[in-house]
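Below are structures written as structure tokens.
Two complexes are shown next, each including subunit A; its partner changes from subunit B in the first to subunit C in the second.
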Partner chain A sequence: MTDDALREVSGFAIALDRAYAPATHMWVRPTGDLHVTIGMDPLGVETSGTLAQLSLPEPGQVLIAGQPFGQLEAVKFVGPLTSPVSGTVRAVNAAAAADPGLVEREPFTAGWLIKAILSDPADLGKLLTDPQAITDWYAARIADYRLSGAIAR
Partner chain B sequence: MSEMLRVIDFGRVTPLRSQTLWHAVAYGVSAGQPPTLSFARPSAPYACLGYLRDAAEIDQEYCRASGLPVYRRMVGGGPVYLDDRQLFFQLCLPANEVSPSRAAALRGMLEPAVAAFRAAGVDAGLDQDGEICLGDRKICGHGAGQIEDAVVVCGNLIEEFDHERATRVLAMPDPLQRAETLRLMRRYVTATPGDPQAFMQALAAACSAALGRRAVPGEISAAERERTAELDLRFSSAQWLAGPRRTATTGPQRRLVKVRAGIWTLAAQAPDGARLVASVVKGIVDRVVLTARGGQPHEAARPLTGMTVARAAGTLSTLGESGRLLAAVLAGAEGRL
Partner chain C sequence: MSGTGGWLNPAGQAAVPWRLIADDGAAAAGGLAVDEALMARYARGEQPAAPTLRLYTYRTHCALIGRYQNLEAEVDLDACRETGTQVSRRPTGGGAIIMGAGQLGVALTAAAPSGRRPREIIEDLAAALITGLAGLGITAVFKGKNDLEVNGRKIAGLGLYLDQSGALLFHASVLADLDIDFMLRALRIPAAKLADKAAAAVAERVTTLTALTGVRWDGPALRPVIEAGFAKTFGADLEPAQPSAAELTAAGELATARYASMSWLADRSAALDGSGSAALKTPAGLARIYLTTHGDLVKNAIVVGDFNDLPPAVADMEAALRWHRLDDRSVAAVVARTGAAGALAVPADQLVAAVLHAGHQAVDRLAAAPARSEGSCYFPEPTVRHQ
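Up next is the complex of A and B:
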């Protein structure tokens, strides 16, 4: 990721060189030839709380858009990691699984979760990809979360 | 207040059913059943493991020899001991009705329990770590999770607490760590004997008020009964108990045991045989023993008592390669339990 791609929106970083699933705060970065890297954005990390455990799939596992591909635990709360795309897991970030804090510290770089091969490239078109749309969505979501008390003002 | 909060009292049920019934309810709520508050009391003791925890955290051999079943639940938290002197409650809501912030969702769903404790005469409070406490003692174990499109928070009214057995079910090869864990558990976890019927009524009333829903006694649906039977099989299998895929940790062997938020014990061993056993209370090293290879106590550990974890780790890291490795384990434990 280049520094040019990184922006700050209302106190939260966002990388504009990738696509986002707004409902789940997962990002997808195309890396060529249907290959993608998938991770969680800082707002998703913030609302999760301090990450204690991370369970990621084995390489070769099939991903279905909208279905869980793993689990995370924070504040004694276990919840799904929802895949933003369909495809097959190619690699798993063992460093993040062993140290979930990596996802908090470097959500757009070293804290990626899985690498996958898309089964349907059209999945990317269903995500937010336009930088302005991403920025607008992120700002609105931060404002909503602050208003509802989900994150600190 | 026209919408309904289903209230189900499962009563005294087998250890397995004390888990599978409310999991089935969560699937039911995900599929459209109303928000539900349920209660269950296990008829016999058993041990239970949080969804993502390592099964090796429980002393399986002891449990087998003692006739204690072990089950893995689908919500968070560590390994725990349960028996018939604990009344368990579960509040289950559609996921879209809770805050996107897990901490806020947990607080919102535990606050009715605090009100119920107070109604039962216990001066309970929700502390800054989100635990239900009486003073500095934890009085309610909780865990939460999202199961399909439902969120469930579980907790308990502890009428009596068997500290010895709650410690004994935990796998801890180091006897000093076991003794320290028991000491801290006795100090920081306590029972609050109360009238369970009064507690249940008060919790139903508090949940009803918090959610703006009319509490109505109910039963599980036919689909939830079918799901219970499926979960009985799933939860009884060795594969389920083994749990989701885990990534092996690197570095020194370690065993970390959380007693309650901010209070934990650690036993770790460096490759050269140097061992560290530490007890930490609210970020401060409460007790610590460091032994060099061969088992003789290392005098350098003495000043670590009373230090913050970060400072103690910094001091440890000056004691050669094994000190550096043990320091990394100690520092890494803080905040991730």
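Up next is the complex of A and C:
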């Protein structure tokens, strides 16, 4: 990721060189030839609570868009990691599994979760990809979360 | 209305009553198994259904640890065997707790809302507990990482589990009463190190309805209070019910296959637990800071000194450090935000250094010799136990 792709919106970083699933705060970064990297954006992390443990799939596992591919355990919350695309897991970030704090510290770079090969490239078109739309969505969600108390005002 | 829990009423079914299940004396594994079995009707693809609220007590006593905790680090298994205390692991996060007739278990099951974040869901549902307690004239507030406190003391712990099928389980344990001496015995708590101060120190950090009202309360007595809180907060019509035959069958299977199984109980987090302490010289005498850690997370923090009463800002700092990552910047931010240094009459950088020293001691000890620490959601253990 280049520095040009990174923006700050109301105190939260967002990378504009990738696609986002608005409901789950998962990002997908195309890396060529149907290959993608998948992670969670800082708002998704912050509104889950401090991460205590990540359960990630084995390479080879099939991903289905909208279905869980792993589990996130925060200090008061346990729940699924939901895949934004369909495909097959190619690699898992062992460093993040060993140190979930990496996802909090570097959500767009070293804190990625899995790498995958898309089974249907059209999946990307169902996500937010336009930089302005991403920025607008992010700003609106930050405002919502501040209002609800899910993140600090 | 989504911001106030409107998502709890399925589309077009706002008038459908919620199920209200009340039971007492649940076994550790059986009680948790029923909660999970109640989630099944909210799986994706099922017909929309109104939520189920279960208000129940466990048999006296059960020790329940959080989803990712290490059992022997949190529970004194010998003491549990001697006292007939059952043990299990919740599917939700949080710390080790003692449950029995004095504590009301709250389990809300529903379809997980789309697009609503875990912290928002917890806050939506905790509003019902706050409303219920307000009916008794008790003002409870969120503090730390999703606990409810009254006057700076914890009265309820909260947790949330979303399963892979899209169903939601909200757990709360509300302290109608608490046998602190028993808790000190059954959970890994530094009774040996702090001796007679242990019970007093716990009492400074938790509260109960009995302590607040001067009248003895128990879980069953608290049940209608919390029921009223849910009814008022969500405009819900709560209709007494029993789990269905299918749910009871599933619960029986879950109790055996999961909640009483050794593999579930012995499940270990990748992160190790550690503990450390640091001395801090204050104008009023020597204070000592104890920290327990889970990986690089602060699991518990406690400041012990010659205080007549624990300064509120210090209690705030303890709560704010809990489940925080142990790094210089965030510890400094917590100290600054809570005003704890001023309350202890020491420079902020000295307090930050003492907290970090205690934390780094825990981590360094682990690096030198893997060890398991002790601690509950109430209180840490100041020593490292080598296995």
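One rule holds for everything that comes next: the second predicted complex is superposed on the first by the 152 of 153 C-alpha atoms of A that agree within 3 Å, B and C clash if a C-alpha of one lies under 4 Å from a C-alpha of the other, contacts with A are read in each partner's own complex, and residues count from 1 in each chain.
In this section, a residue touches a chain if its C-beta (ideal position, glycine included) is under 8 Å from a C-beta of that chain, and two chains touch if they have at least 3 such contacts.
Values in this document were obtained by computation on a predicted structure and should not be read as measured data.
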Would subunit B and subunit C fit next to each other on subunit A once aligned, or clash?
clash
Of the two partner chains, subunit B (first) and subunit C (second), which one does A:Thr109 touch, if any: first, second, both, or neither?
neither
Touch check for A:Pro22: first (subunit B), second (subunit C), both, or neither?
second
Check the residue A:Thr47 against both partner chains and state whether it touches subunit B (first), subunit C (second), both, or neither.
both
One more residue to check, A:Pro80. First (subunit B), second (subunit C), both or neither?
both
Name the contact category of A:Ala94: first (subunit B only), second (subunit C only), both, or neither.
first
Check whether A:Thr31 is in contact with subunit B, with subunit C, with both or with neither, and answer first, second, both or neither.
neither
For A:Pro57, is the partner it touches subunit B (first), subunit C (second), both, or none of the two (neither)?
first
Touching A:Leu147 in the superposition: subunit B (first), subunit C (second), both, neither?
second
Select, from 55-63, 307-315 or 343-351, the region of subunit C that bumps into subunit B once both structures are placed on the shared chain.
55-63
Where on subunit A do the contacts with subunit B and the contacts with subunit C coincide?
47-50, 52-53, 73-80, 97-101, 145, 148-151
Can you tell me which positions in subunit B touch subunit A when the two form their complex?
50-53, 74-77, 99-106, 130, 142-146, 244-250, 332, 335-337
Can you list the residues on subunit A that touch subunit B in the complex?
47-58, 70-71, 73-80, 94, 97-101, 145, 148-151
Using the touch rule from the top, collect the residues of subunit C that touch subunit A in their complex.
3, 67-68, 91-94, 114-115, 117-120, 122-123, 142, 145-146, 158-164, 269-271, 294-297, 323-325
Interface with subunit C, subunit A side, in the complex: residues 22-23, 44, 47-50, 52-53, 68, 73-80, 97-101, 104, 145, 147-151
